[in-house]
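You will see two complexes here that share chain A, one where it goes with chain B and one where it goes with chain C.
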Partner chain A sequence: MADGGRRRPPRLGRRQGEWLAAAGFLAPALLAVVVLRLWPTLQAALVAFGVGLSKGPSLANFRFLFADPEFTGSLLTTALYSLLVNPIQIALALALAVLLNRALPGVGLWRTLVLLPVAVPQVVSAVIWGVAMRPDGPLNALFQACGFAQQPFLTSPRQALGSIIIIVSWIGVGYWMTFLIAGMKDIPTQYYEAAAIDGANAWQRFWKITLPLLRRPLTFVLVADTVSNFLVFAPVQVLTKGGPQGSTNLVMNEIFTRAFDQGDTAGAAAATTILVLVVVAVVTIQFRLMLRKDDFS
Partner chain B sequence: MLAALYSMMPLIWAVASGLRPGAEIFRYLSPLTIWSLLPRHPTLANLHVLWSGPFARAMANSIFVAGTTVVVGLLLCSTAAFALAVLRFPGKNAVFAIMVVSFLIPFDSIAVPLSSLFRGFHLDNTYTGLVLPGLGNGLAVFLLRQFFLGIPGVLSEAAMVDGLGWWGIYTRIYLPLSRPALIGAGLILFVFQWQAYLWPLLIAPAPNVHVVAIAIANFAGEFQVDYGEMFAATSFAALVPMLIMLFFQRYFAASLATSGSKE
Partner chain C sequence: MPLNRRQFVAGIGLASTGALVPAAGQAAELTLNFLFSQPPSTWDAVIAAFEKANPGIRIARQNVPFDALNAAVQSRIGQKDSSIDVFGCDEPRVPTFSHRGYLVDLSGMRPAFEKSVSSAAIEAVSFKGKIWSFPLWTSTQVLFYNKDLLAKAGLPEPPLDVNKRMTWEQVLEAGAKAQKAGAKWGLGFDQVDRYYQLQALYESRGAGPGLTGPDLLTPAITTPKWIETTEWYGRLFSSGLAPRGIPPEQMPPLFAAGQVAYFYGGPWQMGLFFKTAGLNFGMAAAPYFADGKPCTPTDSWSMAVNPYSNNREAALKFASFMTLDDVGALASTQKMPLPPANKTAFVEYLKRIEAEGGAVTKGYGTLVRYELANTAVHRPRTIGWVDFEQIMNKSFSDVRNGADATNTLKAADKQLRIVFSRL
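After this line comes the complex of A and B, so read on.
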């Protein structure tokens, strides 16, 4: 255990005030939890179920929502997007982590360069990539220089979602890689030494040692990445507004459009409720992964 | 190396384009030459225009909002983490679980209903409205608590004998010993605010409280886009947090490691 075990708290008979002190130390954070997370969640649920109107709670808003092809379409788009973007990001992050976990010269510098886009706002990368993907932009210039045909990217219903995936991955990969490199550092080097003596090649070492021992950080990254990808909004809102033909209408954009462009507060609340339920389920898994076994004692 | 290139190329191009006259940005792309990447006639004109316009205000707003969030957020997260790591009280594990899970509910998922609550309190178009949601952060609380757990309890026992109260133990022993964890948590809070787009869009639409992310999205939404100016703006929005990250990078990486990989 890395943190040296749980120490005994002082037993000096001055503990009367401890409960009160705990309340004082926790009060601001608890207030923030209630006001900033629980209250709006409850509020959305109440509106979604129609509580507070003359009638009792009902599922009318949800029925309405699921009868709306625009909403079901956005769920399908989000599902397709998630199925594509998560494996792509994690595979890339893993490949980079393996690459940058070696003792290459200047490896720290390369790792920093890959991590740095984390700090760049999604809006910024969306705007840069949006211009880069224009018909007369540098990406198409590069394509043409290599002898490929010009691509429509964001303006085509077939390519827009893929383009959004490229943009989002640019930020995500370095971030997730950092978790995986940290996990690799925890793998004892004796395993690799033993494998090398047995004549295992790099590919075998990766499959038989790295991957199995990386299961825990990999699961964490998978869960956290899934949640963050459910909530992608800025690139869609800035670049495509969900189009063309709804091909990039991810669920956050759908909620936003519903609430503000269509003024459908109840529908937006119902959609938010569904989103929060899904996210909470995934986050609960994440929370379990974050805790070590001895954390609750 | 290709990977690093892939991650830096768009930024290099953005910075280079920020130094070109707006009309030149698409001119040297075909055929590809070295002038596709480097500005042929470098100019600082875009910066002048930028800094005399509304973007300067947005930059100041962003720095103020992110800075306030880091300072107040660290206080809020570290006091909570201190109580959860050091103090003994009934129901502690339950409080810890509730707090971290609630804060792990991504803020964006409840931003839309929260914004209507905030408007009810007239917090729209205020700095308070922008700062508040960034203060409580589950990852920061979790990270600080882990770090505090590693500080030997004998230190606070000794301090108690010397007559120090809990607040004294927190400010004089725990905070000074936790610099790396505080920097890591501070970066998490900072990145959250600097990245924020949906929330400022919802709660601060007035130009005087625009943050950088909004200002840049507006650039892209204009009919007559001056790309030179836009790229200069994106360069600033990207370079400020990157420089901060570059400086504190190892703390950030270490803090991510704490939350992701411990057995």
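After this line comes the complex of A and C, so read on.
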């Protein structure tokens, strides 16, 4: 051997080194997950179940919550909101990704403009939209100038949730679009060339090539978007505080109100535990539906 | 050049010693963290005066919006956070906060309080016989009006005289006239949807504060008088006399912009109104219902000391300077024209406002003294206050946006009973 008969270090040793290096790089992130996510979640669960109290653990906090129409109402509002906002945002993000993945003139500028709202703090976006949507605000002035009827937006229980959906979608769609454009760039062009030779039209190419090959980034966007929408808080807190008539009382706002306005820490912890369980259940179902076994190989 | 381990450790040691031991001749400086919800410049004068009188202490300001202050106190002091030393405490929150352990018992300083502030001011910061915070300001409400809009409608200017106050019925009629003559809005509420300002409406009609029972933990908001007054409030907005969808902090700028004929608000808005070029305004006594009695909102901010602060002595010194000290108390009103709770500063404050405001504030001193002594209604002093305020404010907001008064009050009643059961 060229190294004069010296033996190479055994293969297992190198792998061990790789493992150690990987563990070293991952340690800060893992530590952050444990300290900032898992530990508080566990603490919330312990408080929610009354562990450590003289009365002993119980389901009292959960029973109280499910008997409180304010909380059950917030769960229903969140369910309705999630059923509406997630498909809307993903469809819009996908449509924008398809559009801005083409060789349009000034495409970089368009992509930047669509992504820009993410860079604005949510509270600032909320305040600006709040002023725009005031009954005497610029949006209504525009409606009036175009001959449309004025709209109550955030002051109406029928329109407030829809207005919140518009605001969070304005903020989020560009962000999710970016992941989908990145996914589209990974699709080999020869598939499209072959399809074009076979005479496939644009819709068929999208349906038969783009969408199936976008499954993994789409899964990520679906799951991450769903989770982030469960956790929407700032626009609600700034604009409606859950009103009018509880129509925008999403569960995060409900937890905040309970914890920091009412000082009901145990009730807020129980509501947090319920939210975590719901999110985990929904995300598990989404993964099951979207991923195949070979995605994990 | 990379450091070896010994150099590195030595460097750390040196750096930490430097941080702990001040340079020769430099006094050790203590920083007090002060949490509040007013514009930071409110405190310029009082902080400068305090720091000059106490060279070793520096005040660091932390400002949050009014609606976020409660949550900031709850989340930080509720978690025994020692990084706040002094914080602004809305006086009706004293019972709730003392019950939750967020305040320091100041009863040992009672003689100093009695010397500097009125018994009403001490009452406002007391709960169950103990004093819990330092009373800073007190408050009342007035009826501002836009002289130009009134003149356009041929309406007389109401005088700043408690014996000639308008009734709400007259204000509504005149507001509608002003609107017909070109005003965008006939009437505006400064603290729209907030119990602070609306309580006086209910009390004027004899509907009571909305809570009864020995500890004021039984809701009483579904009585005929409460429903009737809430319906009256809702009609102000459904009729188009007053605007919907505008949050309280955007209301004073609306009056300043010349869009509102009559504006029921706090006298502290004078600062903004005087500064606004082209705004020709006047002040009158707060209105009342023709079939009721004159009632005005009162109480204001107090200064509280965090029980978990590591600098309690210095924190007490600062809070006490802002309120009990005559010079400090007057300096606290320099940029926020609210009447100070301090007796000496109160007299000086009235003189200053009357001198600075000219014809607009002529008679203001007499009005403030009269309202505080005769028509002021305190908010219910109960450990359920914070929940009550939050639920009522949401309900008022719903009614403003068109919700049925009876159903809204019934839902709020139910919600209050549920929340009170957790106290």
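Assume the second predicted complex is superposed on the first by the 242 of 297 C-alpha atoms of A that agree within 3 Å, B and C clash if a C-alpha of one lies under 4 Å from a C-alpha of the other, contacts with A are read in each partner's own complex, and residues count from 1 in each chain.
Basically, contacts are C-beta pairs under 8 Å (C-beta built on N, C-alpha and C of every residue); 3 or more make two chains touch, one makes a residue touch a chain.
Remember, it's a predicted structure, so these values are computed and weren't measured experimentally.
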Mind working out whether A:A91 is in touch with chain B, chain C, both or neither, as first, second, both or neither? neither
Chain B versus chain C as contact partner of A:G242, first or second or both or neither: second
Chain A contact check, chain B vs chain C, more residues touched by chain B
Should A:D136 be classified as contacting the first partner (chain B), the second (chain C), both, or neither? both
Would you sort A:A194 into first (chain B), second (chain C), both or neither based on which partner it touches? neither
For A:D68 in the superposed arrangement: first (chain B), second (chain C), both or neither? second
Which partner chains sit in contact with A:T155 here, chain B, chain C, both or neither? Use first/second/both/neither. second
Would you sort A:F256 into first (chain B), second (chain C), both or neither based on which partner it touches? both
What is the contact status of A:G267 with respect to chain B (first) and chain C (second): first, second, both, or neither? second
Contacts of A:L76 with chain B and chain C, given as first, second, both or neither: neither
Intersection of chain A interface sets (partners chain B, chain C): 130-131, 134, 136-137, 256, 259, 265
Looking at the complex, which residues from chain A come into contact with chain B? 2-4, 6-10, 12, 14-15, 17-19, 21-23, 25-26, 28-30, 32-33, 36-41, 43-44, 47, 96, 99-100, 110-132, 134, 136-138, 141-142, 144-145, 170, 173-175, 178-179, 181-183, 185-186, 216-217, 220-221, 224, 227-228, 230-231, 233-234, 237-238, 252, 255-256, 259, 265, 268-269, 272, 275-276, 279-280, 283-284, 286-287, 290, 292, 296
Name, in rising order, each residue of chain B that touches chain A in their complex. 1, 3-4, 6-8, 10-11, 13-14, 26, 29-32, 36, 75-77, 79-80, 82-84, 86-90, 92-93, 95, 97-110, 112-114, 116-117, 132-133, 135-136, 141-142, 146, 149-150, 152-154, 156-157, 160-161, 165-167, 170, 191, 194-198, 201, 212-214, 216-217, 219-221, 227, 230-231, 234, 237-238, 241-242, 244-246, 249, 252-253, 256-257, 259-263
Of all residues in chain A, which touch chain C in the complex? 64, 67-70, 130-131, 133-137, 152-157, 241-245, 256-257, 259-265, 267
Given the complex, residues on chain C that touch chain A span 67, 70-71, 74-75, 78, 96, 100, 184, 243-247, 250, 386-387, 390, 394, 397-398, 400-403, 408, 414-415, 418-419, 422
